[in-house]
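All remarks here apply to the structure that follows.
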Amino acid sequence: MAYPTDRKYTKEHEWIQSSGTTATIGITDYAQESLGDIVFVELPKVGAELAIGKTFGTVESVKAVSDLYAPASGTVTETNADLATSPEKVNKDAHGSWMLKIMLKNPGELDGLLSAADYEKFVAEEGGH
Amino acid sequence: MKDRIRKATRHVNQNEGLIFEKSSSGKAAWKLPPLDVPEVDASRLLGSSERKDLGSMPEVSEIEIIRHFTRLSTWNYAIDLGMYPLGSCTMKYNPRVNEAVARVEGIANGHPYQPEKISQGALNILKKLSECLIEITGMDAITMQPAAGAHGEMTGLLMVRAYHQSQGNARKKILIPDSAHGTNPATAAMVNYAVENLKSDARGMVDIGALEAQMSEDVAALMLTNPNTLGVFEQDIHKIADILHAKGGLLYMDGANMNALVGKVRPGDFGVDVMHLNLHKTFSTPHGGGGPGSGPVAIKKILEPFLPTPVVVTKSDGTLGFDYNRPHSVGRVRAFYGNFGMFVRALAYIQANGPDGLRQTTEDAVLNANYIRKGLEGAYDLPYSTATMHEVVFSDKLQAKKGVRTMDIAKRLIDYGFHPYTTAFPLIVPGALMIEPTESESKEEMDLFIDAMKSIAEEVEEDPQTVLDAPHSTRVSRLDETAAARKPVLRWKPPV
Amino acid sequence: MRYLPKSPADREAMLKAIGLGSVDELFAPIPAEYRLSRDLKVPRQMAESEIVDYFRQRSRENGEGYTSFLGAGAYAHYRPVIIDSLISRGEFLTAYTPYQAEISQGTLQSIFEFQTMICELTGMEVANASMYDGSTAAAEAVMMAVRLTGRRSVVVARSLHPEYREVLATYATHQGMPLSVAGFGDDGRLNLKELGKSITLETACVLIQSPNFFGTIEDVAAVAAVAHKHGAMLVVSIAEAVSLGIVEPPREADVIAMEAQSFGVPLGFGGPYCGVIATREKYVRQMPGRLVGQTVDKQGRRGFVLTLATREQHIRREKATSNICTNQALVALMVNIFMTVYGKVGLKELAKQNLAKAAYAATQFAKQGKVLFAGAPRFNEFVVQTSEDPHAINSRLLRHKIVGGLPLNKFYPELGNAALWCCTELTTRNSTDTALRLVADHDGSAPSAKEEAGVEEVAR
């Protein structure tokens, strides 16, 4: 699959789309595919601090729970309330379903993340499951 | 349905709704005797605490209740019907004499706080069972308080922590093999220990090199299941114990797989310091649809001061009693003394067996598992060639090529008249089929199981869709678990 | 051995199929130095008749035929016979945990009904499929409140069952949860002033029991107001489930941790019993224990499954809401059947009888001792203070095959010669009158059990 080039990716299968000092975060199509039917998304409250690489929430399917890892550091400004009632939206359109918006603490962190092409390569290697 | 299925066939089976759907005002299944004391005015006695309304609690007659639950029961699989090949569950026969003796009046109706003078019966049972379990495990002392295996794990780790604290350093971590049951890390966290994973080696056993590298004075204990969840006996168990003890750590053994060891070897002899038992596995107390269990914890002398309170003691006059004066105890893990009803059943099981019966039981359990292993080799992928004891783990690797996974094979097994084996565990074997027959299975039942599994393997080749769509013969099939989790409906509600 | 279904010929055939000479070869993985070469020192194999004899003898040594006035967290109520008829069915007794939903619908549907009825009785929105018992349910409910509020300290009523408090202390010790205890007033209820002093903005929850250890019904609304004002949750423990037939449930509670033993579970010298946690829907994901949910299968037929399993140990492992795996399923089924037998009208009548029996006994007792905590309503237990030491009283009663109320000096020494008495629907007026006559009889001149014709055996 061709991953959207308007954003960066992590090895933990999150995507982050930034516009200057703010950014939007979600999980990739590969992630939702691996998880299966998503039943619940647990997100931090507005105002919570994210630290790059640390867990900030979870995504649950019927039989598994996966941690969500912060692609960058920052403060949560908004969470997607839709996901509380319709977590299946992430399955339907992972790249179009945002989970939270943050105020970036250090926009430079994004430089260390994967590009769409790099992520695609990473997933191809990891795949074969 | 294929005519190659020999163990089960279709039969007309009663439907039954929820009991609330049968409820109707004026029906009753109860009758109380007339009051022999003056009536009371609840409003006057209770004031605003009086409850006026019991909402939509049901009103039905006795025969409706009998039919309701009898019909429901016919929808269940059970040991009384056939084999459960579930790994590490030890689904063995639940002897009926156990049920009978648990119901004898003085035992069934004893109040936990009745005077010790009239509790000698219960105390004797507690003492006798404790002695038997200490002998079986090769340990020095035991607590019967924990209500289940997980509860026992917590109790055991509390004692481990108390011990280390008494030595001046509570320590920070517990090492847990990646093949461990989920209760192990969950319990370690409850006792505020960090969990560190320990890798298994190519034989499926603890990687000694890894253990050596990870062992430090920060490690409180290693939680080990032996034989492990692959059914493999840790041959280097003495090395494992030595590595731990050399740095002051303790060896905790999860006793879930004791069915491979009773009468043949004792954990206390090979270096275990603390372990729990599952009376509802090894000692035949019934699973009852999910419980009750009982998880006694056996320990070496060094942990004795930390046992939960109270402990059974023999007083100077020769009678038995409870000792509450235990200054170093970890405290209580539950009210009263434990799942006493399960003690009665476990003791009756030990008495029915005697030393020879217990040993024969273990031998049969291991023989049965190896017979099934031999029977299925070739039809299913065996990830570890190591010798296994009372259980064996295959994988769905061969069937996965046809898009069929362990869960699908398990569902098809239901059509053949069996309960599935354990799917997708242990985590170190992707697509696992974990099988433990126990000693309660006859050669006939096992041959039927082997035939069924081989037949399914053939079906995967010839007609995989039949397996993927299974089960075909049950009242409901492939229930929507996603919907149940997304929009949980956890109770019946009266129609508005 | 009669539980083993293999003949020597079977074993030989199987060994041959495996390609082994003897069973000993299967135990070769066990290092020789550990292999047992002796018999275990356990009693020799017994015939079934011998086993039954053994336990009958133990039963005779365990207060068979005695009349008891004990409560204190374990209650003697009549058990309808159909409970054992039904739970003894092999399909319930010997069934496994219902992970394979298609062949466990019997267990799953009955748990769904159990969850429903517990909600109806407690006034809560969701209930789980059981915890080990009331004491561990209370501890786990407190930990739930800690997780939900993100706060660590807990205020516990001293009128909560002393052993429940001990269990909580054990669970709390390693979770860094400071506990403070708030005392009770002259009415036997949690002292609101003391509560006010102990509660802070760091308090995760207040834990009370109602009816409490003394049988007194707490002022739940008042306690809830204090707790909620401080942003803390209210956890209410219920030890005498029969009270729910006539006493308003603690609807202001955030979490209820119940002991359902009174609903058809034998006293059994302390276990197995049946804990339950019930709470509001919004807290369900932090609730421990199994949950059964309704759903449909691929044909649209109604069915039931274990759900929200991601809270549990087998998935979440070290991040699970609890480590609980095995619960009290069969005992919960007993509770289920009991609730179904009595139902909407019967539970109320049963509770009223309990109220009446205890009220009668308390009235009689008041003539020769002081019945404490008169300022608040109670259910089927009460505390009596006598001039004589309750232990001495009880020795006298015991000679007449009567077990008197629980002396309280061990748990509440400041109450002096106090004892906790319980009457249920099984307590006959005759036994109460006899017991009271013996209590009054300080010099022990009343006739002993052999001469006394009037001590009736309580039907159980």
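For clarity, chains are labelled A, B and C in written order, and residue numbers in each chain start from 1.
The working rule: a contact is a pair of C-beta atoms (placed from the backbone, for glycine too) under 8 Å apart; a residue touches a chain by one contact, two chains touch by 3 or more.
This one's a predicted model, so the numbers in the text were calculated from it and none came from an experiment.
Enquirer: Using the mean of all protein Cα atoms as the middle point, what chain has its own Cα mean nearest that point?
Expert: B
Enquirer: If you average the CA coordinates per chain, which chain's centre is most distant from that of chain A?
Expert: C
Enquirer: So which has more C-beta pairs touching, B-C or A-B?
Expert: B-C
Enquirer: Would you mind pulling out the distance in Å between where the CA atoms of chain A average out and where those of chain C do?
Expert: Chain centres of chain A and chain C, defined by C-alpha means, are spaced 45 Å apart.
Enquirer: How many Å are there between the centre of chain A and the centre of chain B, using C-alpha atoms for each centre?
Expert: So the centroids are 38 Å from each other.
Enquirer: Indicate the whole-number Å distance between the mean C-alpha point of chain B and the mean C-alpha point of chain C.
Expert: That gives a centre separation of 20 Å.
Enquirer: Multi-chain contacts in chain C: which residues touch at least two other chains?
Expert: Chain C, residues with two or more chain partners: 309-310, 315-316, 319.
Enquirer: Among all residues of chain A, which ones touch two or more of the remaining chains?
Expert: Where chain A meets two or more other chains at a single residue, that happens at 39-40, 60-63.
Enquirer: I need the residues of chain B touching at least two other chains; which ones are they?
Expert: Those would be 481, 484-485.
Enquirer: Which residues of chain B touch chain A in their complex?
Expert: 424, 481-482, 484-486
Enquirer: Enumerate the contact residues on chain C facing chain A in the complex.
Expert: These residues of chain C touch chain A: 285, 309-310, 315-316, 319.
Enquirer: Which part of chain A faces chain C closely enough to touch in the complex?
Expert: Interface residues on the chain A side: 39-40, 42, 60-65.
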